[in-house]
Each structure stands twice: as structure tokens, then as C-alpha cells.
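Structures follow.
In the two complexes that follow, subunit A is the common piece, with subunit B as its partner first and subunit C second.
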Partner chain A sequence: MYKALVCCRAGMGSSMLLKIKVDQVIKENTMDIKTEHGNLDSLIGFDGDLVVTMDDLKDELAPKVPYAVGIRNIMDKAEIKVKLNQFLDSKK
Partner chain B sequence: MLIDLVEERLIRLNIEARDWKDAIKQAAQPLVDANKIEPRYIQAIIDNVLKSGPYIVITPHVALPHAHPDLGVIETSIGIATLKEPVVFGNEDNDPVKYLFCLSAKESNQHLEALVELANFLEDKRIYTVLDNAVDAKEVIDFIKK
Partner chain C sequence: MLDAILGQVRNTAIIVGTIALIGLLLQKKTMNEIISGTSKTIIGFMIFNIGSDAISAIVTTFTTLFNTGFGIEGVTTQVEVATGMALNTYGTEVALVMVLGFIVNLLVAKYTRFKAIFLTGQHFLYFACVIALVFIAHGFSTPIIVLVGGIILGFCGAALPTLCQPFMNEIVGSDNLAIGHFNTIGYALSGYIGKFVGKVTHYDQESSDSSNVNMPKFFELFRDFVFSVALFMVVLFYVVVIACVINGHMELVQELSGNDIWFIWPLLQGLKFAAAMSVLIYGVRQFIAEITAAFVAISEKYIPDSKPAVDCPAIFPFAPTAVVIGFVGSFLGGLFGMGLMIAFNSSVIMIPAAGICFFSGGTAGVFGNKHGGWKGALLGSFVIGIGLVMLPLLLYPAFSALGISGASFPNVDYNVIGSFIDWLLSLFG
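And now, the complex of A and B:
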């Protein structure tokens, strides 16, 4: 089971919606990932496997985390699915 | 429930906005008038975008203006605004913005259920047709109730 942090800057709105969609995609595709939700402060001491965030934050976070996924359209389950699968493939 | 957070008086249809800042101000003003947020919350949203970029534009043509609860949220609510002419927020993927869902959330879990519903609404294209064609806020409320 991989552990993902879904986050944005404030951790209130956008990332909460993103977590909802990510959880739906994980469930529908029975992916071996569990998510938690937070803001940038949650990255301190984060020991999970990947971070899912908005695309414009991805480059900033990528050097600090094991794997970063950036989503452009957070309502687009197809995009989320492709990018989570890329993560899972990278673990094979 | 989403319907508990959206009220007729928080909805503004076909507003004319000069630019993205003006759009946010006009979309959020009903929340000030209804005592859901302090006026400073509006500036906090704008400052967030100036500082962090237009990440509040979450899906094509849709912005979710919001800031941290500490920055002037009085009560959890969601305002809805549509623009007569869409404006550019600077988000390459999802510009221009026509629909604004202005969120004031007191704490991160309280509004979760409403956000799940909102997420489902935003994915279901019918909400945009309703918003495009509604003559008044009541029509929007009636649709959300269903």
C-alpha cells in the first residue's frame, strides 16, 4: 500500500476537491494507494511515497518528495488515472 | 449538504467584471453582505493568487476562490457567480473563467461533505447549462435541491 499526500498551499479548497477525485479514481480502479490530505506544512516529516498536487506546484515540490504528481484539471478523472498509473508503473 | 451552504442571496448571475480581481471581488461581495466573511477575506484570496498563481482555477472555466479560514471566515458558505464575459486568470490549462464558486470554510472537515457534492456537480455538465440559462438565483437553488 502506497501512501499519498494530497495537498495545495492553503489545504482548504482546491486540494480537498482534488482528494475527493483522487479517492474516487483509486476506488474505481482498485489502486493500492491510500491518501491523506494536507497543506504545504504537512510535507514536513512526510514519510509517504508520493505527493499529489496542482500542476503549478509540482515543480516546486518535486525535489523535496519521492514522487510528485501534478494535476491540471482536478475534475478530470482520466488525467488523474493516467498519472497515478504512471506512478504505479514506476514502482514495478 | 451543499444546499445548506448555498443561498439565493449568495448567487450573482451575469456579472460584468473588468478583470480577474474584479471578478473575485464581485463574486465574494455577497458573502460579505451576508456576514459569511470579513471584507479582508476578499483581499486574502487575491493575495493568494498574486503570491501562488492561479491554482484556484481548478477545471476549465471554473474558479474556486478561497483563502485560509484564519483570514476572515465567519461562517462556512459557498457563493456562486457567473460572468457575462469570461476573464483570464493566467491559468493556461483552464482559462478563461466564467463560473466562480467562492468558498469560505471554517475548518477543513466541516465542509467536506459539501465539497464532495460540489465536486460531483462540477463534473456533471448540467450545472453549467443551468447557470448559463437561469434567469434568477432561485432557478439555481432549485436545481441544486434536486
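And now, the complex of A and C:
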């Protein structure tokens, strides 16, 4: 079971929807990932395996976390699926 | 006993918890999820209250200093603060307007050509505050406020994003996303300003797009919401404290700063404001979470052709530099608007706020950039920035009479639609 943090700047609207979409993808594809939701402050003390965020924040977060996924269109489940699978492949 | 029960159900935390409970039941969640989801929603609302109490205290201090230092009434344009105040007094009305708004939004999307489902829960909450307050100011009874207010809110949620749809389709590159941020009138305007700028400057994608502009790295700091609020408030506190000292009110500063040294105290107050804002946002996130999840689940299941209207950062990845240009543009617009209020001897001065400039200004930047490049982004967000500080003047007198003073609701749609309702109601006496 991998632990993922879904976050954005303020951690309210867009990352909330991103979390819902990520959860849908995880459920439909029975991926072994559990998500939690937060903002940039939630990174402090985060001990999980990956962070899912908006694409424009990815480069900023990448050096600070084990693995960062940046999503360009938060409603695009195909994109989320491809990127989560890349993460899972990297763990094999 | 009946009175006691009626009094109890007026508790906003309970109303919010009940909404979450119904949402979870409708989704047929497990017993464990229902119990934990409902409790977490209520706890989230209580955290929000703690944050909003803390922030109100600091805003009171700030306005006291501002009013003493400058001799005019200063009002922050922090929507979260104004909402906190509104919920303390009129929580029941606001919460009920919001829940009916959700239902009406679903119905409108199902049966009319307006297909947006407004998924930004906190914006629904803020708009519910504005609408409820306008009706309360005209002395309507709770059932009317809830019924009419809810219908207006739900209709706006489904219809207003339509204004921005042509631009959204071009920005995102597909027709499956709407903007769920109540500045839609402003964003569409910024989009048209961008088109105009593009025409005048013979815009071509190659050379004028914002992605070719190198913004100083410093501005990237503002991507972190809590940090930008902190920096902004520290600067504002220094400005008002220095104004007080210069104008001979040192004793007030000394009195308020207590044991802290007077010139270190503003730094601490600014940071404390950001701390309180963190708590408040943490609470909003927690109490909106289950309600939004239910809203998403219901709309996806029963209204498959609906279009999700999402919070503005969702479009930031499509033009990240335009976001930063938009922040700068709307902040400059805010300062310009402030200058106008001073020049025209306005009795109230609205002060631009970091959060609103970043999110709303940044989004206006993305819209302006589409056809106008960086110049379109800058001009579009500048104009919106003026609107964000000037428009709250319209409703502020009515709201401050209800006790919501020192903070205001800056977003464009709140004020345009709110003033329109206010005007309509005044026609009927």
C-alpha cells in the first residue's frame, strides 16, 4: 500500500476535485494507493510515497518529495491513470 | 422543550453535519464512513469557527490602527474573514441557502441548457453569504431568504460559468471543463480585453505569449498561499503602525502591542494573521470535503452530460507565467483603485488582499493571455484588480449595518449579482 498526498496551493477547490478523480482512478483500476488531501503546508512531516498536484507546481515540489506527479487537466482520468501507472512501474 | 430543539437545530455545525450525513447516505457509503465523515464535517466547521474568531480579533486590531492612523475607515477584502463574520451571526440562513443552491444547481443542469455543476464548495458558501445578507438587509423572513436565495445561487452556479466557456475551451483545448470561481463576469471581460489587445498589437503566438516572459523568481513565492498572506499582512501592519506613530498616536500602538516591542509587534501580528488563516482554511477544507464529494458523485451519476465547474487553479497549468503576471497586474489595479477611493474622498477604503489577487488576478491573467499575450494578461488583470477593490463599495454599507464590518466580499460576481438583487428588492420597497 502506497501513501499519496493530493495537494495544491490553498488546498480547497481544485485539489479536492483532483483527489476525488484520483480516488476514482485508483478504485477503477484497483491500484494499491491510499490518498490524503492537503495544501503545501501538509508537505511538512509527510512520510508517504508520492505527491499528486497540479502540473505547474510539480517542478517546485519534486526535489522535496520521494515522487511527484503533476496533472495538467484535473478532469482527465486517462492522464491520471497513465501517470499513476508510471509511478507504480517505478516501484517494481 | 420545542423551543430548545428549534434553538439547537439553528446551530450551523449541526446543519452542516446533517448535509454531509445526507450526502453520505445518498452515496450508500458504509456505516464506518458515514460516522467518520459526518463527525469530521462537524469538527471541520468547528475548526473553521476557531480560525474565524482568531482572525476577527486581528482584523479588529488592524482596522483600529488603520482608522486611527489615516482617519478613514479601512476594510480588508478578505472573503474568508467576511464569511466568518457572516456565519457567526447568520449561519443558519447561509447554510440553508447553500444547500438549496446545490440542489437547484443540479436541477438547472439537468433540465436547462446551462450545464455547469459548480464544484468549488467554498465559493458556493461565500456567495450564499452575500445573497443571504442582501435579503436579510431588506428584512425578509428566513423561509423567503432560503427559498429565493437558494434558487438564485443554484441558477448562478449553473449559468455564470457559461460566460467563460468559449475562453475555457481555448485555454484547456477541450470542451469538458468550466470555471468554478465566482469572478466569471470579470474573467470573460479579461478574455475580451485580451482579444482587443491582441488585435491592436498584432498578437502572434510565437513572440508575445506570456510563456516567453521571464518573471523574477521572487514572485513564485506567492504560489504558497499562507506565505503570501503572511507577507502581505506584515507589510500592511507596518504601514498602519507607522502611520499611527507619525500622526501622534504612539500611545495606542504601545497599548495594543502590550509586552511586545512596538516595532516587532507588527511582524508578529502579520504572521499571526497567516496562522489564523491557516486554521480557518484547514477547517473549510475539512467541512467542505464530504459535501463536495457527494455533489460530485450525485452529478456524475444522474447528470452525465453536465460540465464540472472547477476552482481556478485547475487552469493554472495551462499558462503558469500568465498567473504570475495576473497577480502583479491585479495587485497594481488594486492599488490604483485604492488611489481612486482616496482621491474621491470615499468614506471607506478597500484594501487589496494577497489571496484574492493571486487566485482571481492570476486567473484573469490566464484569460487575458489567451488572445492578448502577456500584455493582454497584464491589462485584463489590472482592470479586474480595480473591480476587486472598488466593487465591494456597493454592498459594504448594507453589510456593515448588519455587523459585517472591517472585511468585505471582493469577488466580481458577488458584487455585480448582489447589487442587482439589492436594486431589484429596493424597487419593491
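Here, the second predicted complex is superposed on the first by the 92 of 92 C-alpha atoms of A that agree within 3 Å, B and C clash if a C-alpha of one lies under 4 Å from a C-alpha of the other, contacts with A are read in each partner's own complex, and residues count from 1 in each chain.
Criterion: a residue touches a chain if its C-beta (ideal position, glycine included) is under 8 Å from a C-beta of that chain, and two chains touch if they have at least 3 such contacts.
Owing to the predicted nature of the structure, the values given are computational and were not obtained by experimental measurement.
By the touch criterion defined above, A:Cys8 reaches both subunit B and subunit C.
When the two complexes are overlaid on their common chain A, residue A:Gly70 makes contact with subunit C while staying clear of subunit B.
Using the contact criterion defined above for the overlaid structures, shared-chain residue A:Glu36 touches neither subunit B nor subunit C, since it reaches no partner. Residues 8-14, 16-17, 20, 37, 54-57, 72-76 of subunit A are contacted both by subunit B in one complex and by subunit C in the other. Interface residues of subunit B facing subunit A in the complex, by the touch rule stated above, are 48, 52-56, 58-60, 62, 64, 66-69, 91, 93-94, 103, 105, 108, 111-112, 115-116, 118-119, 122-123. Interface residues of subunit A facing subunit B in the complex, by the touch rule stated above, are 8-14, 16-18, 20-21, 37, 54-57, 72-77.
Across the interface of their complex, subunit C is touched by residues 8-17, 20, 37-41, 54-57, 60, 70-76 of subunit A. Subunit C meets subunit A in the complex at residues 119-123, 172, 174, 176-177, 180-181, 220, 223-226, 278, 281, 284-285, 288-289, 292-293, 296, 308, 310-314, 316-318, 320, 323, 355, 358-359.
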